[in-house]
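Chain nomenclature is as follows: A, B, C and D, assigned in order of appearance, with residue numbering initiated at 1 for each chain independently.
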Amino acid sequence: MVLADHAYGKSGVRLVQVTRSGDRHTLRDFTIAIAFEGDYAASYVDGKNSDVLPTDTMKNTVYALAAREQNLVAEPFALALASHFLDTNAELASVRIDVEQHLWERLTVDGHEQGQAFQRRGPETRTARVIARRDRTEVAAGVADLVIMKTGHSAFSAFKRDTFTTLPETRDRLLATSMTATWHYATSSTAFEPAWHAVRRTLLETFARHESESVQHTLYAMGEAVLDALADVTDIHIVMPNRHHLPVDLRPFGGENRNEIFVATTEPFGVIEAAIRRG
Amino acid sequence: MVLADHAYGKSGVRLVQVTRSGDRHTLRDFTIAIAFEGDYAASYVDGKNSDVLPTDTMKNTVYALAAREQNLVAEPFALALASHFLDTNAELASVRIDVEQHLWERLTVDGHEQGQAFQRRGPETRTARVIARRDRTEVAAGVADLVIMKTGHSAFSAFKRDTFTTLPETRDRLLATSMTATWHYATSSTAFEPAWHAVRRTLLETFARHESESVQHTLYAMGEAVLDALADVTDIHIVMPNRHHLPVDLRPFGGENRNEIFVATTEPFGVIEAAIRRG
Amino acid sequence: MVLADHAYGKSGVRLVQVTRSGDRHTLRDFTIAIAFEGDYAASYVDGKNSDVLPTDTMKNTVYALAAREQNLVAEPFALALASHFLDTNAELASVRIDVEQHLWERLTVDGHEQGQAFQRRGPETRTARVIARRDRTEVAAGVADLVIMKTGHSAFSAFKRDTFTTLPETRDRLLATSMTATWHYATSSTAFEPAWHAVRRTLLETFARHESESVQHTLYAMGEAVLDALADVTDIHIVMPNRHHLPVDLRPFGGENRNEIFVATTEPFGVIEAAIRRG
Amino acid sequence: MVLADHAYGKSGVRLVQVTRSGDRHTLRDFTIAIAFEGDYAASYVDGKNSDVLPTDTMKNTVYALAAREQNLVAEPFALALASHFLDTNAELASVRIDVEQHLWERLTVDGHEQGQAFQRRGPETRTARVIARRDRTEVAAGVADLVIMKTGHSAFSAFKRDTFTTLPETRDRLLATSMTATWHYATSSTAFEPAWHAVRRTLLETFARHESESVQHTLYAMGEAVLDALADVTDIHIVMPNRHHLPVDLRPFGGENRNEIFVATTEPFGVIEAAIRRG
């Protein structure tokens, strides 16, 4: 028997940080996961735990390091966690830190922001992933579950047909998705906050503007636009499940089909994905 | 044996409507539930279905009626469905229509709204409920799963203690909730769109401004503010689960507790609820 | 303004108890919710907490009382909690205790039960609810999310039709549901363990045996059978969502429809419910 | 720009098959996902769909092929789907078929199985995955979400400590997990039904019997036992999230800690995983 790939860690570490600047508070809301890879075979094969840092300690470390900095930003905080673990665990070959950031926006009173009250904005989350090894570190950022829809400029036609194909062609369909995108930065010293906002805006603007022949077509245009716009981004991976909205046939009820009434479906769903990188 | 309360109907009817006004589309996204109460004992006791309108037909009716109107609004559409069912089903004593509206906002390109592209806004949803009987009709509206947080102006102290009480008092805690509120309108002819926005704004502004001694205290202030602001609202029921954010004790890690680092918890959770009405 | 119905409490209290009898352990796994109703207006209206027992204390009480007894049973434990709260809170008019029991079965090794290893059995859960007031106490038990299916002896035909009806009649359809049932006991001193098993067995056997003309028809037969079989049960409330399984039309793919191939759907779904009691 | 890895397909295809053998029916309940990889760049880059088989057709194919065989078994059915798609799509380099099987057991009446009534058994599901390329095919099987617990014979001690470690050592802890395991078969002609049951039984018996020093230790023993028992299995990958059950400290409530009362937690959770293969 051989112990092949193995990893252990802690997931679902919930961290909320409040930074107070006078009357105006800043809120950070993260769910963090940590995974260790390295020389841990003895714990699996022999039940010998002497090199095993408890996952409970990984969780404690998140809180201990979070308290050292105000206004945490996902990517630098993940980098700090990764450095700490590499520095203090000789057995560790590679550590992965995943951060999911839950987004909040400020509440307003009489048109002005109230500095200490917030509303959750979702289902979209912001993500970051750092994979740190002894000799190199990767930094990725992303958005997850960004639910978007086009009600125009979307077609699907001239596709391949076989004996089981029944789908009608259409030059005017709804295109809805819950997009997840992840991109890598060329360096660990990118200006992460503005970069994230720029990528997100580029994705959404391209989605809105695109003359879509398919989900594939729009997905590629979105990824290409990000690489065009941000020199710091080396590649991007996008997953776009196709949340089908099917026109309801109103003729059995004495109605006319004007492409206005749809049923939103959850199952089955298409899944389209691709990575795009610089050539 | 006696057949006591009984009801049947269709839930989870997904309806998406696109209304096109030139380049600018309007999007409505509803999940609808219908429940019939009335003289249906024969179907239960004798397996006699002659008075049972299939729930599949209820679903068809949603689509058929939706196609008759553009830019659907939740409350009038629910009223139209209820009237239709009462008119066409003599056995029906009471029909309940529940509408959950999934909210979308427009995407912008270069700072301008693009008329045919949308982003889902959540987890909040808008709700409406109509209960129509032969002699009277109730119209309710609401918000569900509106996740909000106060990072200041929130305390919980001077509470009752018993032998099992270990909770420390605090004059500065995080208060977070996923609020659900439902209110009734005095008439079926309210201006439902502006009323809904006014109630929602009043709830949020009061939450943001309140000097909170407890969830109960803030909940009541929110409900009272709604009744003060909108003469058309007869009563409001608010449920505010207390999504506890607990300060992490950093002293075991060599840190200092400055009320900045919290763990967000999902279980267990407090639940506070109340109805407030005009006296 | 009037503060009308109001309640507060703790939900999601997770309690796992291990009772060791030599090599053989017993496992109890509960999620408990507590709700207080009574004279708590001052906390809502004035932010005065002096009569408010913290919900954190309610949670502590669950653990403190659980430790006093081995092999906890849902109904008596809920009764003990309710009594404790009524005894120690003068303001309390009514307390509701909900218990959801997650079910486990023993693992076997070489055909024999291993006394300290278990597998979760679900999605079904067992439920109990006690509502205790100063002058009387109700005890209810139940099953939730019991997913069952009949592939024969199920029809739906001779139903009412209107202008929007398109559903075909069938004398042979799949009937699937995720049943939730709740029943009341006449006294607080029922033999709760055997009673629960007897009700559950009666529900399942009746479901399996019934010649079904509709969900309504089968639901009523199931409730009636429980009241027939158990003198201690005063009434039962059953909810049976209809999880539709639709025959796939295979003719467009060159196939023949033999009522063998179905698509399981989640939305929309029928909902059928009724209470049955002794006359 | 370069289009790197890309795939498209259909997920969430729900298929239920009833096979009737006299009074005794067999029920199969699958959720199927299909993913195509191959020469599909033109659809992404140019919006040219001529080689794109619609995902709707993939779904239709599932139903069409399902109707050709009775008593479907997950692995051979996935192999048949994969062959069909490779045969009919020249652009296709690799196709992945994932099958999740929802498990049902027969209901009994008076101690005898009723042939046409079933109860869902879960949360556990059975899984199968086929990846077919032009030159070779991989067949994997698995179990997912198998929730198991040991209340004895489980320790975690003598682990590494650092400055943030606060976890106490224990020689007697609860070990609970929701296991997911996937294993590969050496050939496409394994007796898949008995093999799946044998692997599952081996996993559970080893879990029940093991003297556990950690999740890692037990996970490895389980994998090793499977490879020992089944010559047809080439490797196995096991993921065991650690669903922590923490002893409640009863001393603040006047109680004594006897390791009997626990709180089950969902967040944070450990994650332990490894692949084990023949050397």
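One rule holds in what follows: a contact is a pair of C-beta atoms (placed from the backbone, for glycine too) under 8 Å apart; a residue touches a chain by one contact, two chains touch by 3 or more.
In this text, all values refer to a predicted model and were calculated from it rather than measured experimentally.
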Quiz prompt | Longest centre-to-centre distance from chain A, chain (CA-based) | solution = C
Quiz item: Is the C-beta contact count larger for B-D or for C-D?
Solution: C-D
Exercise. Find the geometric centre of each of chain B and chain D from their Cα atoms only, then give the gap between the two centres in Å, rounded to an integer.
Key: 37
Self-check item: Distance from the mean Cα position of chain C to that of chain B, given in whole angstrom
Solution: 24
Exercise. Round to the nearest whole Å and give the separation of the Cα centres of chain C and chain D.
Key: 28
Exercise. Please set out, as single numbers or ranges, the residues of chain D touching at least two other chains.
Key: 14, 60, 64, 164, 166, 252-254, 265-267
Self-check item: List of chain B residues in touch with chain C within their complex
Solution: 1-14, 31, 33, 35, 40, 43-57, 59-61, 64, 88-89, 156-162, 164-167, 212-217, 219-220, 223-224, 227, 235, 237, 241-242, 266-279
Quiz prompt | In the complex with chain B, residue positions of chain A that touch it | solution = 14-20, 25, 27, 29, 60, 63-64, 66-67, 70, 104, 107-110, 114-124, 146-153, 174, 204-205, 207-209, 245, 248, 250, 252-256, 258-265
Quiz item: Along chain D, where are the residues that touch chain B in the complex?
Solution: 163-164, 166, 252-254, 265-267
